[in-house]
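Both complexes below contain chain A, partnered by chain B and then by chain C.
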Partner chain A sequence: MKDLLIAVGQEGKEKALSRFLARLLETGAVDGLVVAAEAAPGVITHVLAKDPRLVERAARPLAPVMPSSAAQVVSEVVRRRPSGKVAAVLRPCEGRALVELMKLKQAAPENVVAIGIDCAGTYDPVAYRDAGGNADGLEPREACRVCLNPAPLEDALPGITLGFIGLDDSEGIFVSVHDRLDPAVAAVVDELGLASGEGAGRKRSKAVQALVQERQGAYDAFLSIAGISGIEAFARELAACTGCHNCRVACPVCYCKECVFDTDTFEYETGQFLRKAGRKGALKMPSETVLYHLTRMNHMSLSCVGCGQCEQACPADLPLFRLFAMASRRTQEIFGYVPGRSLAEELPFTTFREQELEPR
Partner chain B sequence: MGSGEEFEPKIVAFLCNWCTYTGADLAGVSRIQYPPNVRPIRVMCSGSVDPMYILKALLDGADGVLVGGCHPGDCHYVSGNYKARRRLAVLSAILDEFGIDSRRVWFSFISASEGALFAKTVGDMTAALKALGPNPARALWIA
Partner chain C sequence: MRTGVFVCWCGLNIGGVVDVPRVVQEISGYPGVARAVDYRYMCSDPGQQLIKDTIREERLDSVVIAACSPGMHEATFQSVAESAGVNPYRCEIANIREQCSWPHQNEPGEATRKAIELVRAAVEKVRGDEALSALSISVTRRALVIGAGIAGMQAALDIAEAGHEVVLVERLPHIGGHMAQLSETFPTLDCSQCILTPKTSEVGRHPRIRLLTNSEVESVSGYVGNFTVRIRRRATYVNWDLCTGCGLCTEKCPSKTPSAFERGLAKEPAITIAFPQAVPHKPVIRAEACRHFTSGRCGVCEKVCPVGAIDFEQQDLVLEEKVGAIVVATGYDLHPKAKVGEYGYGVYPDVIDGLEFERLNSASGPTQGEIRRPSDGKVPKEVVFIQCVGSRDQENGYPYCSKICCMYTAKHARLYKHKVPDGQPYVFYMDVRAGGKGYEEFVQQATDEGVLYLRGRVARVFQDGDKLVVFGVDTLSGKKVEIHADMVVLATAVVPASGAKELARALKMATDQYGFFSEAHPKLRPVESLTRGIYIAGCAQAPKDIPDTVTQAGSAAAKVLALFSAERLSHSPTVAAVDEELCSGCGVCVEACAYDARTLDVRRRVAVVNDVLCEGCGACAVACPNGATRQKNMARSQVLSMIDAVVG
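The block that comes next holds the complex of A and B.
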């Protein structure tokens, strides 16, 4: 790791960052850049940028909105016949989700230059748009308020980490360069002749630690409110589900090309519906929404990075972030698994130990 | 179930073709008596039992679900039973977190020669489920 510093002038942090990112495209060190940009006032979207001037002008690497997870965007770009180098600006949760997608063979690690960036939290995209891109008076999303990963995990992917937590503009933007960073990108960073960022790095680390400590209490309190006891209480939490499956679409780690819930496994004949309704007295329609959410937890909670995109996408405003956080905390601790921590760490469902988990 | 009648739990059993199903068959041909509460479904491997099927049985009102596979080291497909063990551990953890009784889900290693063990397992499970009482999801229309 090499610690450096990007100076921030009158123009502010976001412009300084954008200039740095544009430089990667300008020099040809990367073939494309995935970054957030402002498409209309208050409307933030990811773009795959080629033109460095556009990046300087419209990139919003600090936009406080996550319209979708950049992990999904990167996966879409470098999944089929991957080639070249695509740099991507990734929030901590997006970076961790991308590591999970790489393990699931949904993105080619050798074609990605990860640019992790500190996250100050995000707002609901619709509220942010309706406010014309002015965050004053908006409250960050629940997932962000209790997020325990405001800073990227620097070892997870061989890239660049950009940090600003605990640093004001006059102190600059902290840059950490991974030892195995792509040589062409490393050369661009070298050419910039950035000052050493050791002091700023230490200050940021402390600030990140303090922030995480402060949030740990909020996180624990959040998960312990309304302990759910029993299937009836659990089903009531999900009773408003309309079965739209938006949560699955927005989930950065739910990756199946064809979800089993979209197959004819769940296309019942009239008689089957009537029999089931007869057994229970009535059948909530659309049916099997509880089965859907429980199944998704079984399939994906080990890789759940807690980004809260499921809840953001939910038209019924179900407490999906909390339910998934509750489930994933339990399932991840079985295997001591931390999603997104390391590419080398095996997905728990793809491996086993001969002796474990006894007695059953 | 009328008043005074004893509650008879329904068990859906996913049994591996190579070990537990054959073990159940052996229990039958050996004329070993065991409770008739189990509805066996033959599957090729315990590793092929997606938690979704277990959950579906539970939400549709089964009082218990038994998954039977080969003993460690004996899987016909090398590691399916080990993978099943991990899936079942995850399923149990999720059910427990939401207060849904994971004691309704059993996972047992029963070989083709263990007819008696199969009969005993079904007997034990039936007794345990009688003690737990009917699955509350059975009459729950919102689930």
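The block that comes next holds the complex of A and C.
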């Protein structure tokens, strides 16, 4: 790891960052850049940028909304016959989700230059848009308020980490360069002749630690809210589900080409429906919503990075983030697994160790 | 759909608990069931006839047999169905015995309810079953035998004699295994080499046996009938094609190193032929002991060799062989010195193990067959034999019985007595296990000849001057015993040969908790492994003596020959299959497969199935998140319908 510093001038952090990102494209060190940009006032979207001038002008790497996870965007770009190098600006949760997708062979690690970035939290994109892109008076999303990973996990992918937690503009933007960073990108960073960022790095880590400590309380309080235990309570929480499957679409790690719940597996015959309805007198329609959420939980709880995109996408406002946070904390604990921590760490789902389920 | 349901009473096994007529009555009206009947023994000839007749009368297209475990009679009923024109893979078994009447004997009402549900679920499953046909596999009629001790040699000879080629791989430079180290064999006291050498030379010259010594199996891929084996032939540094085995090199070699064949009781040159009758009769250089390799300053062997066979530049060779069947005959080792940890073994030179005693007693051994103790070459006048060292020892060793020690200890004590008539052998034993033709008589003879058997354990052995003091107890007289012995011989536990675990991994074979290879069934399939096409012979499976080993080796050969008797093999078609439209190429199925049957087609980003490697276990189908992998005749929709049928 090499610690450096990008100076921030009058134009502010976001512009300084955008200029840095534009430089990667300008020099040809990368072939494309996935970054957030403003499409219309208050409307943020990811773009796959080729033109460095556009990046310098319109990129919004610090936009406080996450309309979709950049992990999904990157996966879409480097999944089929991957070639070239694509850099991507990734919030901590996006970077971790991308690592999980890479383990599931949904993105080619060798074609991605990860640019992790500190996250100050995000707002509901609709509220942000309605406010014309002005966040004053908006409250961050619940997932962000209790997020314990405001800074990227620097070892997860061989890239660059950009940090600003605890640093004001005059102190600049902290840059950490991974030892195995793509050499062409590393050369660009070298050329910039950035100052050492050791002091800023220390200050930032302290601030990150303090922030995590502060949030730990909020996280514990959030999870300790009782009331969801047993299948009946679980079903009650999900009673309003309309079966739209938006949560699966929004989930950055849910990767199936076609969800089993969209296949004909659950296309019952009339007689089967009637039999099921007869069992308890009535059958909730659309049917199998509990099974759907349980299946998603079964497939995803170990890889759940707690981004809250499922809840953000839910038209019925189901407490999906809470349900997944409760389940995943337990399952991840059992296997000592931290999703997105390292590409080398095998998915517990695909490995077997004799003692893995014994109490520790 | 027209399904017939056949409910078996299995005498009282099922009928004594489950209300069979009620099951028949309940299932008769179930959708798709054309006819339901019961019979006392469905597997009997009249029972089978009943099924056939009903299939024809009712024009059935599928059948459900409610009876015992499919492990017992699935094949029977599948062939009954097929003979009456129903596809055998549209025959389902509802196990209402092992999974119902037996475990629920005390709750007949509940058992009947469960039986009805199990039958309903089977009807639902058969509704979704496709008509499949068995897969066909070609057979390479060539066998690999791993290990050329008496087990491996016997198996190789039997297979080769029947007309098939055999690749016989031996880790050591020579064949014969531990039997080559033995002096005499029980219960006839005939010379081991004398009965062994006809076999070793037959193996050595057999036109259909390809003998690869100084070689080890590195990896195995493929499946029954079609294995590909990679074998590493270690460098011998001698060109065996040129070498005449004259032995001049071994005479002149200036390096001396402890001989493994002599169990360290003698030294041998760094270039050596382990024993006079060795097959092949060619030397190898042990690089770690050779001056040329350690200091670069010798080349005596190269100079004296009349044919220029020494080749210091020789490299390991990796060979690839295609075979249809494999016999694992890797034999045993004795519990290593370092692990015995008692009786001064490995500390006092005159405390030796059974194989060391064999060498002391062997005419070609370090003492030319005279019983002389290792420390000072004196003829021992009192020798204590201790049985069950490491065996039958829950705390410090292994709980199992090593099976051969009672007999060879009796043999050792007798041979000692024959050679040292004024000497006194003592045997400490837990009990004497002499089951076998002529065995009990053999042990009896030992006591008649003056061997003193003391029932009890030895507490400890320590050196006192040139004596070994043995403290023990004779539980029959209840007295403590103290013997000032000249030598102590330990019957140490028989353990799997070193490297057996690694080989098991390469072959994907199961081993038991001690590392012996697991047979498919302890009684009914004792030479077959759980992997089709791989068989086990000799001590690789469990400790056994020479007669048992030879018997098992012949039996393994018979299994191989039965396999080779068919042109093609059939394989169950109920394997995994991939819907490529649904597959995301995540590779979870590849990780889930224990049989290497799943791979990723990286270019197309889809997972594929190697049908003949697939055992149909379903692990991949379960791991696949969206059902892109499905198990033929166990589709998710079938499973959901089965659950529905059980839940009611």
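A few comments on the model shown:
Assume the second predicted complex is superposed on the first by the 353 of 360 C-alpha atoms of A that agree within 3 Å, B and C clash if a C-alpha of one lies under 4 Å from a C-alpha of the other, contacts with A are read in each partner's own complex, and residues count from 1 in each chain.
We adopt the following convention: a contact is a pair of C-beta atoms (placed from the backbone, for glycine too) under 8 Å apart; a residue touches a chain by one contact, two chains touch by 3 or more.
Owing to the predicted nature of the structure, the values given are computational and were not obtained by experimental measurement.
In the model built by aligning both structures on chain A, chain B clashes with chain C.
Applying the stated contact rule after C-alpha superposition, one finds that A:Phe349 touches each of chain B and chain C.
Contact with both chain B and chain C is seen for A:Lys276 once the two complexes are overlaid on the shared chain. When the two structures are aligned on the shared chain, A:Lys105 is found in touch with chain C, with no touch to chain B. When chain A is checked against chain B and against chain C, the one touching more of its residues turns out to be B.
In the superposition on chain A, contact of A:Ile231 is made with chain B only, not with chain C.
Applying the stated contact rule after C-alpha superposition, one finds that A:Arg330 touches chain B and leaves chain C untouched.
By the touch criterion stated above, A:Cys256 is placed in contact with chain C alone, chain B being left untouched.
Of the residues of chain A, those at positions 260, 276, 279, 299, 349 touch chain B in one of the two structures and chain C in the other. The residues of chain A lying in touch with chain C in their complex are 79-80, 104-106, 255-260, 263-266, 271-272, 275-276, 279, 299, 347, 349-351. Against chain A, in their complex, chain C makes its touches with residues 31, 581-588, 591-592, 600, 605, 623, 625-628, 636-637, 640-641, 644, 647-648. If you check the complex, the residues on chain A that touch chain B are 227-236, 239, 260, 276-277, 279-284, 288, 290-291, 294-295, 297-299, 301-302, 326-327, 329-331, 334-335, 348-349, 352-357, 360.
Residues 50-52, 55-56, 59-61, 72-73, 79, 82-83, 85-91, 93-94, 96-100, 106-108, 136-143 of chain B are the ones that touch chain A when the two sit in their complex.
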